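Next come two complexes, and both contain subunit A; in the first it sits with subunit B, in the second with subunit C.
Presenting the complex of A and B:
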């Protein structure tokens, strides 16, 4: 019965418009982010830059101070301050007193007076490419990291919530391109340890995770509400089929149908790697499968389980709101660890590069724990959904779209 | 396993509102009509029997199985809810196949029973039509087909003819009568004509209590010799309405043909006439002090 129901649920999902909208969104997003995937070739000594080969990961306090102060000087010189209170850029206008205070802070950090800034910026970009290099400023001698942080704390206070001058953001904003040795090391990791395809599939997971953290909830909520809209609930409740079979088969079908286009798309990076025909690389032909199952499947399971649980419990589209909030928080949290390696307990772990295998290796245990946690959470929510469904079959918890309390129409009596 | 439903002292409340009060009923094979106005407690009783509601107290056994054993009960009951519908974009055959799987039918059983049932409810030609394209009457017939898909011993049908045109209603009632030959069919309705035309045994329910339980003849015997008709002027009508229980009226110009209940001969122009189920139902309601509509 389970397998037959599973097949029928898959067929129902495949016939729904919202599912094909989901597929279209995935394909469009994939094309926009990874459509022109460029497979790295070995770095050559003496080439113009190594921007494609990643950033330095061993960031020092000095790097943070130089980059952070440079960013502040730049913003102050152009009077162009931004904060990111809810993830979106917000322009901040400072009054004269506040600008003066920022100027004083810059002086404390660099010894530069406002009238010296233009000359310093111009001098820096005489020797650096403005397109590819962050402005760094020479710091005052003897400036300690603690003193720097306390000054930046004041800047963050002046600018308000979402400022880029907190320690976490200052660290996240340091992006120092590698030199030839770094590029060669990163490339070696990519080809030798990651089998080339591993890195690109991880990048695929990073991008697809962004949309898979939210889109499945729409398809799931629509499917779950279809019973109510079509007034099928009582017809199904009155059947002999166990609640676990109804919900289990539906859940499995939704997860599989959501994963199907993901699996198909995930093969593309591997195909691109094969087509690149780079010699001497031992390709990992099954990287896509490992990453689909290990990285993306737990996410899809979690999102679908939030969808079925909230929708079954409330008979509303509340799941969309819940998931949207969770997704948003995840993306905002992940914004400080885009280069990978720091996955934490984020639903949408970020690793926005085909490189940084070292970071991946270092954070692997955390990532594994993260993914196991979401798999278990998904199964717990599924079990709770089955319990809710079983109660509803016996006349309890029926809300008819109302969040609070049971509802009974007069005609039912 | 005896084909019988036994209900003893059944009560069910929704918060402070008591929907069923100490209901006692015994229902055997054949068509059984449950008659009552909207809100009388019919749907609650149907849902308790279909395991879609848990009772508060009392005992209910369906073919010997206590209603608490929901999964066992669901194997032997079929249910057509009051607000019947299906996934609108599914084809008729697909919808039945889906519900057949939920009823635990094997592929072979579904292949055998679905065409047979579609023929029985006269929907063979509509097998490939989407559910949303069916008329109201066709949908109800499809509802019957889905309810007897797994060949249940008990079929529970809640307000099935509401909204149907006369022809479809007659067709539907005949279909139910055919189906009731070898099982219990409980027809819950507020339409007296449905019960009169199809049921051998009936119960009348109001405000959660069973007011009457017996055969149609027994119900009619309650008003034997008490039904009168007369043609009166419009002025006289108010007097008759205040003195008697009026069960029907037909306006004829300035006069009104009125049918009413009276314990003794009312006035000289009134003529005695044969009792109908509707008369008996109205009498029962009046006797129990329930407010009447006419």
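Presenting the complex of A and C:
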């Protein structure tokens, strides 16, 4: 029975206009972002620049301290503090006492008093281009990394969530372009540890995640509302099939149908890597499968489960609004960690480069926990949907689109 | 005139208030997620274009929602008042709400010392609101499906973020500082799509 229903659900989905709109959106998005995928060739010594080869991965504590303190001095001098709680800039106004405390922290880190800052900034930009160079400040001799971090922790506390002064953000904000050796090291990581295809499939997941964080909810909500619109609910309720089978097969069909075009598209980066014919690379031919299942599937499962749960519960388009809000916040939050390595609990983890394998390796445990969490959440929502559906079949919760309003019991009704 | 006032009242009492409430919540909740004070000109434009303009989708798209139910449609179409006039009244109500909400938000930003050229930014944001709304209304009418009505303008929003001005040219939705002429284009497109949406929905039934 489950297989029969699963097939029927797949066929219904394949016949719906909105599913093909979903496929068209995926293809268009893929084309616009990855249509002209350029596979990196090995860096050559003496070439004009190495901008395509990412940033230095061996950042020193000294780099972090100089850049972080420079950014704090700049913000303090211009009295212009910003945080990025969900990707948008949020101006933070400090009171006199807090400003004084920041001034004291700067003094502890650099030995500069507030009245010396202007002269120091001016002196720095006499020898550096203000358009291209980030202000760096000379630190006090003997300043330890631990002391620096404890001072920055205090700054982060004063500014509130989304500040750039947590250890993670301070490290992420240091982006030093690579020289030839750095470029060669990054390229080695890509070809040896990532099997070349791994890096490009990860980039594929990064881009497709942006649309997969929202699009499946449209198809799902439409499918869920279809029974109501065609007035088939009562007919299905009366059947002997268990609710778990009805909802389970529908859920599985929706997830499979959503993943189908994704899987097909994900093979393209691998084909491009093979066609590039770069010598001496041990290609990972199955990277697309690993990333599809590990990175994108949990996301699709979560979005589909939000769709079926909210729509079954309210019989309205509420799922679209809920998912749109979640997606928007995820996308904006992810904007501050585009280079990968800092995946957190974001529904749409970002890694907008084929490089930075070191960051991926470092953040892998967090990413795995993140994906497992969303898979479990999806299954919990599915179980709740089955529960709601079962209650409806027994005559409860039938509110014709309203969340509240039916106070009669099934017997009274 | 009295008839149209009555239509407006009924629309507000039974439908529009929910979408208005959602829009108010979206904007009122903004201080929790983004800054609306001491922003420079580009940050102000970003807030207005990528956040405030979303009210266009919330307020305009559900314009045909009351007639989603076929039975209700049969009752409504038996009346002698033209459905086109009813839809236009509803659209004007959505326009009024979105214009007011955008104005209030812009004034709050001004009071918070955000840098901007008020008239230019207001017109630019409203052009985008109408473009999102028009696209949604048209998609809803063509597909006879509210969900598609939400999906298409959101797709346009994503295309704006990901493809950028380079690919979208005059139809780029976030061109407040890149190319202000885009605002006239999207406004025109939004109005045309909205009118076509009403005509298509009327003919479909």
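The rule is simple: the second predicted complex is superposed on the first by the 286 of 413 C-alpha atoms of A that agree within 3 Å, B and C clash if a C-alpha of one lies under 4 Å from a C-alpha of the other, contacts with A are read in each partner's own complex, and residues count from 1 in each chain.
Keep in mind that, in the parts below, a contact is a pair of C-beta atoms (placed from the backbone, for glycine too) under 8 Å apart; a residue touches a chain by one contact, two chains touch by 3 or more.
Values in this document were obtained by computation on a predicted structure and should not be read as measured data.
Asker: Just to be sure I read the superposition right, which of the two partners does A:93 touch: subunit B = first, subunit C = second, or both, or neither?
Answerer: Touch status of A:93: second partner only.
Asker: Tell me the contact category for A:36 with respect to subunit B and subunit C: first, second, both or neither.
Answerer: neither
Asker: With the two complexes superposed on chain A, say which partner A:225 touches: subunit B (first), subunit C (second), both, or neither.
Answerer: A:225 sits against subunit C, while subunit B stays out of touch.
Asker: Does the superposition put A:394 against subunit B (first), subunit C (second), both, or neither?
Answerer: A:394 contacts subunit B only, not subunit C.
Asker: In the overlaid three-chain picture, which partner chain does A:15 touch, first (subunit B) or second (subunit C), both, or neither?
Answerer: Only subunit B is touched by A:15; subunit C is not.
Asker: Using the superposition on chain A described above, determine whether A:4 touches subunit B (first), subunit C (second), both, or neither.
Answerer: Only subunit B is touched by A:4; subunit C is not.
Asker: Tell me the contact category for A:127 with respect to subunit B and subunit C: first, second, both or neither.
Answerer: neither
Asker: Does subunit B (first) or subunit C (second) touch A:240, or do both, or does neither?
Answerer: So A:240 only meets subunit B here.
Asker: Which of the residues in subunit C come into contact with subunit A in the complex?
Answerer: 22, 32-35, 37-39, 43, 46-47, 51, 58, 68, 143, 145-148, 150-152, 154-155, 158-159, 162-163, 167
Asker: In their complex, what parts of subunit A are in touch with subunit C?
Answerer: For subunit A paired with subunit C, touching residues are 17-18, 21, 25, 28-29, 32-33, 80, 82-83, 85-86, 88-93, 207, 210-211, 214-215, 218, 221-222, 225, 229, 317, 320-321, 324, 329, 332.
Asker: Can you check the complex and tell me which residues of subunit A touch subunit B?
Answerer: Subunit A reaches subunit B through residues 1, 4-5, 8, 12, 15, 226, 230-232, 234-242, 246, 393-396, 406, 408, 410-413.
Asker: Under the stated contact criterion, what part of subunit B meets subunit A in this complex?
Answerer: So the residues of subunit B in touch with subunit A come to 14, 17, 19, 38-44, 47, 50-54, 70-71, 74-75, 77-79, 81-89, 97-99, 101-104, 107, 146, 150, 208.
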